[in-house]
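Here it is, the structure, as structure tokens.
Chain IDs A, B, C and D follow the sequence of writing; residue 1 opens each chain.
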């Protein structure tokens, strides 16, 4: 697909801390999780640029993409792009439309909706309010029976190649692992992004195996046996699963599924085993794991999201309906000394290859129906 | 003379309102405490509650949304209450709702295909909703039968059935029943046929309140009639009040227990079926989380009285619905609603506390459900 | 705890382990698999065991407690919170912070139990309703505070993700822990170890001591206990609160031993499974413990089957479906409750309000 | 009599319960080594007074004097320390515990917190030897006969060195022999200086064993008399406040065709032990067939099996010509059965229901009370008003919950319901248990009237007097079997007593030892 590289993408490979993903993180952290304070201006005024964020069922402090999205909106506000930012947390899927509407009625100029589940409500709202710009995070739309008028001039889906991020960290894991056993603990594979992370992880490892004539066993366990609402918020399960992998000799654990994954990363670190984070650079979200955090498979939302908001403000909103955020991997931070120069070089090559399309992950968009 | 007449009148009025008095005071107390909590954590209770009320009743569409929210609460609340009347504690509404939804969705989207023909709404809707009711009845009937014939306690069993329903639904929505549309990336069924959709009451955009709400109100009347006016109701209540006496009186206790749980499940299944056929037009993983537990609170708040349950359900629906606006205006986390609801339940359950605070005479009878675990 | 029951439990566990060993043997040695599955089993069983023991104290004294879920959730939160306060605000080192956390968790459990006691003993609220209140209340409060404290206006930590003091350290049981591979089983964290010790202690207390005799008397026939001068109300209060302490310790496992963070509703229904374990175990400590192990084994099975997904032979393809495998513990529970594995007999006055 | 041999004294005790004045300025005293009988109809306030002396209830006013010193008893703990022991109307034993555990409970011997069962068992053996109360400390109480359980209760008080023992209706559940045994023990105790308060409804016993008799009526003391100064009719009228006919008038029965035939019936109890071991008998219309026997010899299970409440293991039950073996209750009821259950509150009534609803408990689904599955409330209320009038049930209205009614009136609700239905067979289990002479008199009249209307009556009762007063034929049950069937006019209390103790007239009386 048409990729729009962002700073995060091009600079992430640079070792140490040049990556905005990295440097920006500590800066945004304190502000990021703050709710708006002060009183709302009258967003209906043409000159007042208000941005609203409707979360998926869940909370803006979920240490996962609901939070990253809100961080992006906040970032835009702190950078002065936005006059007023506000969020509404969805408590039940039946409220999606209502929550979007609440912002629309209040005259917000840009409405960000988070998560694949809001695809249809967002599309509907975009048609209903042609003058409001809509950004759908993780909402990869195409023209089809249900969305005949796609692409809409006021609707953009912010999407990622999670399989590429997964591919990168998988490759790294294969190159670093001593036991050539690596594990991945994920939320339910019913969520496409999760599936792409997981399978990309395996693909990346296989790619390097082929290259170096190694054979790395990549075990992936998805948390499918609980409710949709629980699968990303069951750290205890994540920890237990990671433990079980470590017991069987895995020496790198990829925690890929919101808080469930965090459990795995924490557990690995507690057992002094290398861990790989997900979505954001978890060096900043899981401090207790820092000494053993090898890297994180990144789909940095704040940067691209802010870019989109800027474009919306300057009426240069993309019209092709999709906007690809860069995939990447986070700096090694405290574990940099474990990554030999040649491995790092290979990683940068891989990122480049994936970005320009010369390397394909071969991972399908979603888990094929059983 | 005159004054005594007044006294008599006031006493009669008191008797009339007494059942409502304690729940009302419980709500008031909970709301006050909730306000204090908001204040403590640095929010503005007045603004918050203003937002809450606005969001729930402030506009026609707000009212409509409140009704939409209340609908499943009424059904589920009735389900739990019916169980209570039969001496059974159905914590499984959650799973029964999910199964009702799955079944309704299946009939909703698949039946025309199976029959290779389109079906008129007046047939398709009843079939879809009926399927939901049946599914719920089965899902409730199983723990009922287990209780009746093996003594396995329904509290644990219905909870287990929730998890089982969850796994099976996940499996179905990721596999056989998954929306085949290649662009669909989430675990959900296809949309149900138009002929299976219950229409909204007003066809005004943004007014989603549908005939399911009316059906819910009717169902409350039906349940009341069933319990208090029919021999079956007499049998259910007798088994609930004293199973031994019921057996002595020639009532088939095992069957009534099974039937009661099945009916309870059917009502819960109906809740799910209506959500699918009248609102979402498909079933999706992650839908209906927590209805089952809210339903318990609603049944207790409504004192297991169908009409009380309508009021309780509307209250809860209004809170959930108004929460959005409250958060939008004040950024106070929606979770405060759960706290307030828990407090309401607390005070309703332990009405002695309320009676103590407000110095109200105690009443004699008390809800008793616990039969120990043996059965 | 009759032998038939033990045999059946042993059989179930052996079958579960065996399946995985057969499937995974080409990738890991049986010893490694069994060891790791045992480790998982013990880890998963820890909160279940503590929850079940909590239930045993309450119900042996005649108070049904389905609020264990809520008690554990509340304890998990406030224990974790206390640890973070110590560590981040008062800058204590990790270890003391964690200990304070555990104590806080235990106290929290006790306080929730006190509420349950007040409701069901003093106010004579139906005990199942009392428990339900606890569950809903705990979910609401923890969800709200977790949010309010760490996020948004008025949050204590100004939106900083506080630096949690990590988890309780692993204890290497001397000698045993040094055995190659198998030794892994004897590297356990404090709460897991104390859970097993508490099983033994509880058994002793219930069946060998005055306290136990009186507790059981109060649960079997409170009026009889009353007529020999035993203070029924006091005994019930004490045991419910002791139960709360145990549930609290179980809660601490989630945020201070398993991992170092709290999530809304992170107990995910384990409190109810614990109840099932208690019933399966026929209200005896060892019975409940073994039952908890079965649930642990079931989860170990599930994880490991996904682990060896590729190796599962086609004729067992059903095992590849984690949803199907996921049913195991729940179906098992229901099967147990039917009593086909031996009838369980609750204390005679369990769940009955005592009126003088 | 000098004041100093008065060991216990209750002065002007008053106790209110919601709606009841249970004790109204009651004063009684107990002398060292005497048996002081307390007599009075149901609800007269006997148990309440004793519960106050024992510290289970607090009196509203009045005080308790022990050995001349006024004491305050807050709880059983205090009374136990004061040397007062009580054997309750309903035993206070834990079936799941062993005898030793039951006895030590609340007064445990421990070593470093650990129970010392051995020491306790030893002590129990000593006591039982000393007073000739045989109990096995290691037996499970649940397995013991009622008589044995009572001995355990008495040992329990002795274990606590009680020198004042309260026995609340101890004989209600004993055979004549067991009763004699109990009296022997009581005399033994008094000989050792123990003082006993002995509560009963049975006038004969009082006259037989008591040194003094205090009669209570409606919460007041109606008077205290010596046995030699009074007789049964006098006591009865003191109790009830009017003349009472103690004997039942009835014409000789005119039995017609058979309404119940039972062939080789075998039934298991809850512990799967065979408690009915091959019972056969028949009941004819127009006769009262009495089944005598000590509690726990299978009468309960017999009634339950015949009425379909309990599955039968084997055998045949023919009711009014229909084979109803193993049928559930409803079809059996519909063949024309009326059943007065043994446990009125457990089986007979839904206490939370109104009197009216309880009065249609068995036929709510039939015309005219229901049409097409819909209840006809006005018909139900009508029916209630009629029965309340006809059977003179003392209730404020048909709509009050039966839980508010007195024991006897609760029983009357059941009797009214069962006797007002057109039936061929009446099974009455312990129809007058725990009721006062007034109520008993009434219910007996009704049962006889039923017989004379040509209904067959199966009367199951542990009250030998009742059986003998009502029955035309008497069967005696012992350990699940029928020892013998005799004509009422040929039976004597002694012969029946022996049969009840399991001794066929052929055997010698030496074998008449109480069962282990």
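The rule we apply is simple: contacts are C-beta pairs under 8 Å (C-beta built on N, C-alpha and C of every residue); 3 or more make two chains touch, one makes a residue touch a chain.
Computed from a predicted model, the values in this text were never measured in an experiment.
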What is the graph distance from chain A to chain D, where chains are linked when they touch? 2
Larger contact count among B-C and B-D belongs to B-C
Where the centres are mean C-alpha positions, what is the separation of chain B from chain C, in Å? 30
For chain C paired with chain D, centre-to-centre distance based on mean C-alpha positions, whole Å: 47
Distance between chain A and chain C based on Cα centroids, please, to the nearest Å. 34
In chain C, the residues touching two or more other chains are 147, 151-153, 321, 323, 326
Among the residues of chain A, which are close enough to touch at least two other chains? 35, 59, 224-226, 370
For chain D, which residues are shared contacts with two or more other chains? none
Listed by label, touching pairs are A-B, A-C, B-C, B-D, C-D
Where on chain A is chain C touching in the complex? 29-35, 37, 59-61, 63, 217, 219-222, 224-226, 230, 233-241, 243-245, 247-249, 259, 262-263, 266-267, 270, 284-285, 287-288, 370
Spell out the part of chain B that touches chain D in their complex, as residue ranges. 229-234, 238, 241-242, 244-252, 365
In the complex, the residues of chain B that touch chain C are 37, 41-43, 89, 91, 146, 150-153, 155-157, 159-161, 163-164, 167-168, 170-171, 174, 293, 296-297, 300, 331, 333, 335-336, 338-343, 345-346, 349-350, 352-353, 366-374
In the complex formed with chain B, which residues of chain C make contact? 59, 64, 66, 118-119, 123-130, 132-133, 135-137, 139-141, 143-144, 147-148, 151-154, 269, 272, 275-276, 279, 321, 323-324, 326-327, 330-331, 333-334, 337-340, 343-347, 350-353
Okay, in this complex, where on chain A does chain B touch? 35-36, 57, 59, 86, 88-89, 91-95, 98-99, 101-103, 106, 116-117, 140-142, 144-146, 188, 190-192, 224-229, 365-367, 369-370
